[in-house]
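Next come two complexes built around chain A: one with chain B, the other with chain C.
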Partner chain A sequence: MGEVSTAGSGVGARVRRKEDDRLLRGRGRFVGDIALVGMKELAFVRSPVAHATITGIEIPEEHRGTVFTWADLAAGGVKPIRAVSGLPGFKVSEQPALADGKVRFVGEPVAVCVAATRAEAEDIAASVFVDYAELPVNSDMLEAVTPGAPKVHDHWPDNVFLETNVGGTIAEIAATAPVKVSRTIRTARQCMVPLEGKGVVAHWDRHVEQLVLTTSTQMPHIVRAGLSECLDLDQGLIRVVAPDVGGGFGWKGLLQPEEIVAAWIAMRLDRPVRWTEDRREHLVAAANAREHHYEITAYADARGRLLGIEADAWVDAGAYSVYPFSACLEAAQVGSILPGPYDFAHYRCRTFSVCTNKPPIVPYRGVARTGVCFAMEQMIDAVADAVGREPWQVRLENLVPPEKMPFDNVTKKHFDSGDYPESVRRAVAAIELDGWRARQKAGEADGRLIGVGFATYCEQSAHGTAVYHGWGIPMVPGHEQAQARITPDGGLELRVGVQSHGQSMETTFAQVAHEVLGIPLEKIKLVHGDTGLTPYSTGTWGSRSMVMAGGAVATACRTLAERLRRIGAHLMQAGPEAVVLEEGSVKAGAAAVTIREIAHTWYRAPQLLPADVDRGGLEVTAGYKPGSDHGTFSYATHAVAVAVDPEIGQVEILDYVVVEDAGTMVNPMVVDGQIYGGVAQGVGTALYERMPYDAEGQPLASTFADYLIPGFTEVPHVRIIHMLTPSPYTEFGVKGIGEGGAIAPPAAICNAINDALKPLGVTVTNAPMTPEVILCAIAETRGAA
Partner chain B sequence: MSTHAKTISLTINGTRVEASVPPRQHLGDFLRERELLTGTHLGCEHGVCGACTILIDGEPARSCITFAVACDGRSVTTVEGLDDDPVAAELREAFSAEHGLQCGFCTPGMLVAARDVVLRRPDADNPAIRTAMSGNLCRCTGYVGIVNAIRRVIDARNTNAG
Partner chain C sequence: MKAVDFDYAQPATLDAALELLAREDVMVRPVAGSQSLGPMLNLRLAQPELLVDITRIAELRTIRQEGDRLVIGACVTHARLEDGDYPDVTRGVLPSVAAVIAYRAVRNRGTIGGSLAHADPAADWVNVLTALGADVVIAGTGGRRSVPMTDFILGVFETALQPGEIVAEIHVPALSDRARWGYYKVCRKTGEFSHATGAVLIDPARGVQRCVAGATSGKPVVIDGPALFADGCTEAAMAAHLAGSPAADDPIALRTHTVALKRAIAQVMS
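For the complex of A and B:
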């Protein structure tokens, strides 16, 4: 890894972010900050019921012309969102941007109102009367798959988007395994809650004759593709721009019905329009993540060596299939990744993507991995308990050892590199397990119970072409492209189609370019998130941007470097082989010519160029894919110590350690930040976050007072220990790391709570593990005893 | 409801402003939509997340649950008004050094609240910083960088004072 150093400002350096100053001075530009001359505001009439036929919409006379329904959009040629999957048996849902005669979840947009201010638009929305004939509701996925359940989509035979079956029979193992443990495990439906909600400003740009949609998105190019399909408008007539985006976590990785509506209204009225999602809209209409249910059995030998895993898994996918990820990605992914980082031979998993009267599910940070890790890591602890060993020992027994890397697991996932067992050993040491075990034995003066839990995972990131082609969804990542352009004054512009919304790409991609070209960071400008200015990209999702777009930036810069060398050599009358590019200059012995001078030559003094100069000049678009289409596998072991109060069910996190391996880190500060933030979200998943629904499909939380996300006093001061095993397949050996922090905390915390509750004979298996859940589990055990 | 505009007179970031505002308009919307001070961010509009925190007569307040008409005669300071504030400058430096921000949406409110903690609680240890800041939510950073940044500023000020 000769190219990588931790000094300076290239790859490996902990440099400060280029983004910070504007954001610290309140001079960022988020979508809600944008005002255009003559702009109107939108407010949506949303369904107050989970399942109903719309029998009438009454618009007061004075508001005719400012309220629009699906009838208006359909008459204007707008088509419903269709997010299909090519997997056999997938049932297609059609989601009209405004309800078409039927509503299928609380919060579904029914009509849109236009006014000078949002407040006035909301006044109009309140005056629109919608007549609903209510229908029976599917509020629980397990009931939705029973015979006779009301159908969300009338023409379907049942409420299952897709059933998948992975692996073969494991009956022989089941019959003979010395150890068999089974669990029923569940995670709650969550909201992702970026602090900035969604938002969109749409207008028709008369000069360039384009619809311009400025939207809070992670994937502008995909939004353009979806808009083109729904509006029947050529992609060349659409420009999608992501400004500063206030967090995404997956929620901004989809084509929104509201984006289609805003675009259509802007064209219809020939006026700029803006919609900003408020927090109630987000919590009610966008409660769209996680919610898994597992019936799972692990088979092992007497040492705890896994012989097989068998599972049925259900994912509540909500009412419609979202564009581009579809309704089946999450559940189908459960089937392929449930085996985790472990080496075992026998596996069977059946999954169901269930259609219910809830908002459509969108992949949330870690996608299915948080649920899968929650299930699998509970099983490791259950096996350890059954064989009487420490859970970390059973992990060591089963993790893929470093000498087997690269390794193809039971579902043909190709793990690229790393020492998984070492992450466990370091976590055991760092959390100081022996000390906690001694404290457990001694007991606490306040009556609380101490527990320690571990969870290990590996995370495929930077997914390749084959796997997404296999899904058959509207989006398949191919070569990621980047443009690199030397400016006439010797600076560098980078243009990428991914979008940075907290990931610090303005800094880290500049570090990658600096590593190759030596141009100082302050002279490198990243342009991103704009279909009018950047190469096509599927966008920012799946921990892919640094591997894919970072790789493309490096590739483009290397081509530039070669062109700079040739021009520089000519200017110094040296042979191309006799020069090097170092520290922003082309050098031949003691002579040197700066990139600035070479740029001046190309742009301003071309008479000095060699006759055979590359006509592409100092501007390059390059494509990149890692050496393996399976992407990279980062991994980590999380260790946590908790105190559980058996009287009030409260859990306090006493220490939290992450031992992780992201391969080569471009900026360790940014990697740490991603992990800290991910763990905080994982703590929310573990202990606090749940969107409850009643039997009528009504969401029972609509403010931050009843949907709890972790604050300063709920999140521990996490300690991070890095391992650095480069991926053999990527530029600089980087691996994707954006999601990982959020994957393991629910599993680690659950295992710690169960370790604490062991003396009471109590086990909790559902997240979030609120005081109510813990107290009920204790009460049930006492009742049974 | 009455939508008759009321005229108010207030000071915003040191400048006298007269404005006619609808009674139902909250201060956050007034600052953002009329004064174009978009550094004040709205994260929940029910007074929980703290992203919209500004100073009214020098005290931190939620602009989303403060009516603009209630600010007649008051002095309002937003993040844009803290450009030359020495404590805010130290915090900006520390937030950057400690990676106390990612997407930056909660950041203006965090800075206003953190400035108050630095001024009011020079004795604060890390748990006290966390408690004092617990009225502000961040979804990106996991809070570690923010706590470290406030710690850094308090320590530096105590060292310099000592």
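For the complex of A and C:
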């Protein structure tokens, strides 16, 4: 276990966030706060039908010149979005930024309208008449793969972006295993609903001759790359800036059609334009995630020791492949990570990325892991039930033990470190399982049923080059770069290409730099989210920023430290080997020279420098990769106690414990914050969030009155217990932690509900577990009895 | 989305408001707290040409006792009813129910009259004022008329209001000392619209035994008189009384409405 101190303000300290002074006072600057002289607003005409051929678009005479369609963009040389995967068999979709003769989901942009205000732009949008010849619709992924289903992309032979097969035959195990349990498991289509929706301002900066796209994004450099491809514009002519961004969760980790349209209009009209996504657009037209379907079987021995897992999995990927993650990342990931944190030998998984008439699926916090954990952890409980043991005991039976670390699992995932079983033992103790079991036996005065559930996962984060090269998508992370620059007054500027939209990087990267250089946090400034000011980066996704960019910051600062030491030694007339850098000063015995003095010398009094001074000066750009290309593996066990009201199907969370291991924590308070937020979203996945579609592909929720998300009163008080096994491969031993909180709650809560419903003989397997789902399951069981 | 372009008036007197509301040359709508109409405007589900804001009309913001009735102005907010700066003749019904309407932010602006005029079946006042036997005073250019709640709410978003008319007052009868009431609603989360509402009032001195099943797909279902209580208030009896009503759309809904009613009755019996 690590021994990093939590005092001071370096790595491990519970430092308050630097960015909060701005953000909590409402002084942040988001896309919606930007006003440029002469700026126009955009509104989109969006398809009201899920699948149709466009037979005509009528633009009223008085609005010609303010309404644009794909014909205009195509004539201007704009190309459709192509997010291709190199995996064999992947079928390519072309997504034009505005519909090109055909619409494939409700909400797909068909035309764009420009006006002085958004309301006027919407007035114009309402006056545009589009003639749709409706086509049969694929609204369900399982029907979309049946023979004769209508085709979303006419030139494809079927509606499958990609089929993958992982593992080999397990027929022998299937024939001989003492225990066999099967389940059909489903997670609903969700929206990500960050507090701030998507937004973009585009203008042509005549002075620097650049298109400037100020956009609410997690990955400015990737947006620039994608824009360059679609607009056929050199990357040097494009600058992408992310201002304050109010949450992303994946929704802002892609190139969006609206960004292309805004960029093109700004150049075409030679004036600034803005589009701000409203909540209805967000819920209806975009940001969809999570929809998985599993047919899964677990084989085990009489103790519950897993012998094999066999599964077919479908992911509803929607109509198009998103840039850069593609339409197949989610399902292909299912195949490779379904085995979870467990050690077993036999595995077979077939996955389908299914193309349907719904918005494209986007990787959402946890990506496939939330669904995978939901499926696998239900199977652990099912096995436990079959062999008559406590579910936590069966977890202990199967988790990779610490003595096997590092461990390569059945799909060749390289688990770097940790004590997985201990996380379960601590969770059992912390939730006080015995007390709940006694209460279950006694029964509740109000007739509710008590249940306790557990879920354990491990999470690959900070994915390396090999992992992404394997997907063959338009983005492969290599060495992450950071720039560190001592200012003439002895402060520090850090420049990173990742983007902070809630991750607290302005604080935590400063802590990393402070740990190396000793410069006080208030003198360290982070510059991020701007292709014009920062080194290239694939951006903030996959719980990677602290591992990758944090590692790069440390590496750059170490190089600076060495240069500072040498100049400092010269100024004190000491040998370089005789000095140390401590607490922001270079020291030789009792003598010391501060970084401020060294900076002054370099910038303002260079006549004092030694002849052999490093000409790189006090500015370093350094690249970094962890020691392993497989990424880090953080892990956790979540434990939850619930009360289920069998009369009205409602679930109350009575206690919630997270035992997690993020390796070394740079700022434990920030880690806790990430976990709280993740659990809140996981509670949404478990109990509330579902974007329903009817058979015609119409989304049946368009406001927060229909699309429920948990609020203050629904999110439990989460008790967090940290374990601390440093990764052997990263700077300081940090591991990715940003997504983990959102992975396990649906699984843990589902297992708790089923534990509660056990006396009724009822099992629920689909998320969200709404009152209706629970009441129907109870009614069905009663009907069958 | 943004609302369509509309004109906005904020008259100081009821007569001035009614005059504007009677205009036939423009599409006109009254607005009070804007907690339902606001979202409808922004979604362009409502596209008025003139919005008449009635919240500055002093007489619509008063609460007064008149004999054995409490007279509540239509523009009194839920928050004020929650906070209770008035003689509560309902033995706690008004402040208790007001306190569980949506969230405080909604209660600060939302009004009792607006809630009734909107007539969402899941709204708290729609069901509670029916159980209390309240009357609604409607004002129009032709004068005033009083309508009992059971005749005011006609269906989903349907009321007895005629074009140009607004809710002016709600008259709530005082409960006797021995009156007992119960209220239970099934919401998926705090502040969310109810999926099933049970409201019960038993006031022997006034001969009232009334149960209301609300948040149905129609107007509140009223079970008036001693029949249900004579049947012992069993679940089977409740289900029988609700059968054929909008509360019995499907077995799961009927079951949930029965439970809501059962739990409201249990509060009265305890």
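FYI, the second predicted complex is superposed on the first by the 780 of 785 C-alpha atoms of A that agree within 3 Å, B and C clash if a C-alpha of one lies under 4 Å from a C-alpha of the other, contacts with A are read in each partner's own complex, and residues count from 1 in each chain.
We take it that contacts are C-beta pairs under 8 Å (C-beta built on N, C-alpha and C of every residue); 3 or more make two chains touch, one makes a residue touch a chain.
The structure displayed is predicted, hence computed values, not measured ones.
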{"item": "Which superposed partner A:779 touches (first chain B, second chain C, both, neither)", "value": "second"}
{"item": "Partner chain in contact with A:590 - chain B first, chain C second, else both or neither", "value": "neither"}
{"item": "First, second, both or neither for A:670, with chain B first and chain C second", "value": "first"}
{"item": "Touch count on chain A, higher of chain B and chain C", "value": "B"}
{"item": "Which of chain B and chain C A:502 touches, first, second, both or neither", "value": "first"}
{"item": "First, second, both or neither for A:705, with chain B first and chain C second", "value": "both"}
{"item": "First, second, both or neither for A:75, with chain B first and chain C second", "value": "neither"}
{"item": "Contacts of A:611 with chain B and chain C, given as first, second, both or neither", "value": "neither"}
{"item": "Which of chain B and chain C A:26 touches, first, second, both or neither", "value": "first"}
{"item": "Touched partner set for A:175, first chain B, second chain C, both or neither", "value": "neither"}
{"item": "Intersection of the chain A residues that touch chain B with those that touch chain C", "value": "117, 119, 278, 703, 705, 711-713"}
{"item": "Complex interface listing, chain A residues touching chain B", "value": "16-17, 19-30, 32-33, 35, 117, 119, 193-196, 244-247, 249, 278-279, 501-504, 669-670, 672-673, 675-681, 703-705, 709, 711-713, 715, 717-718, 741"}
{"item": "Residues of chain A touching chain C in the complex", "value": "117-119, 122-123, 126, 278, 280, 647-650, 688, 702-703, 705, 708, 710-714, 770-772, 775-776, 779"}
{"item": "Touch list for chain B against partner chain A, complex", "value": "22, 24-25, 32-33, 36-46, 48-49, 51, 78-80, 83, 92, 95-97, 99, 101-108, 111, 126, 129-131, 133-134, 136-147"}
{"item": "Residues of chain C that touch chain A when the two form their complex", "value": "1-5, 39, 43-44, 186, 188-193, 195-196, 251-252, 255-256, 259-260"}
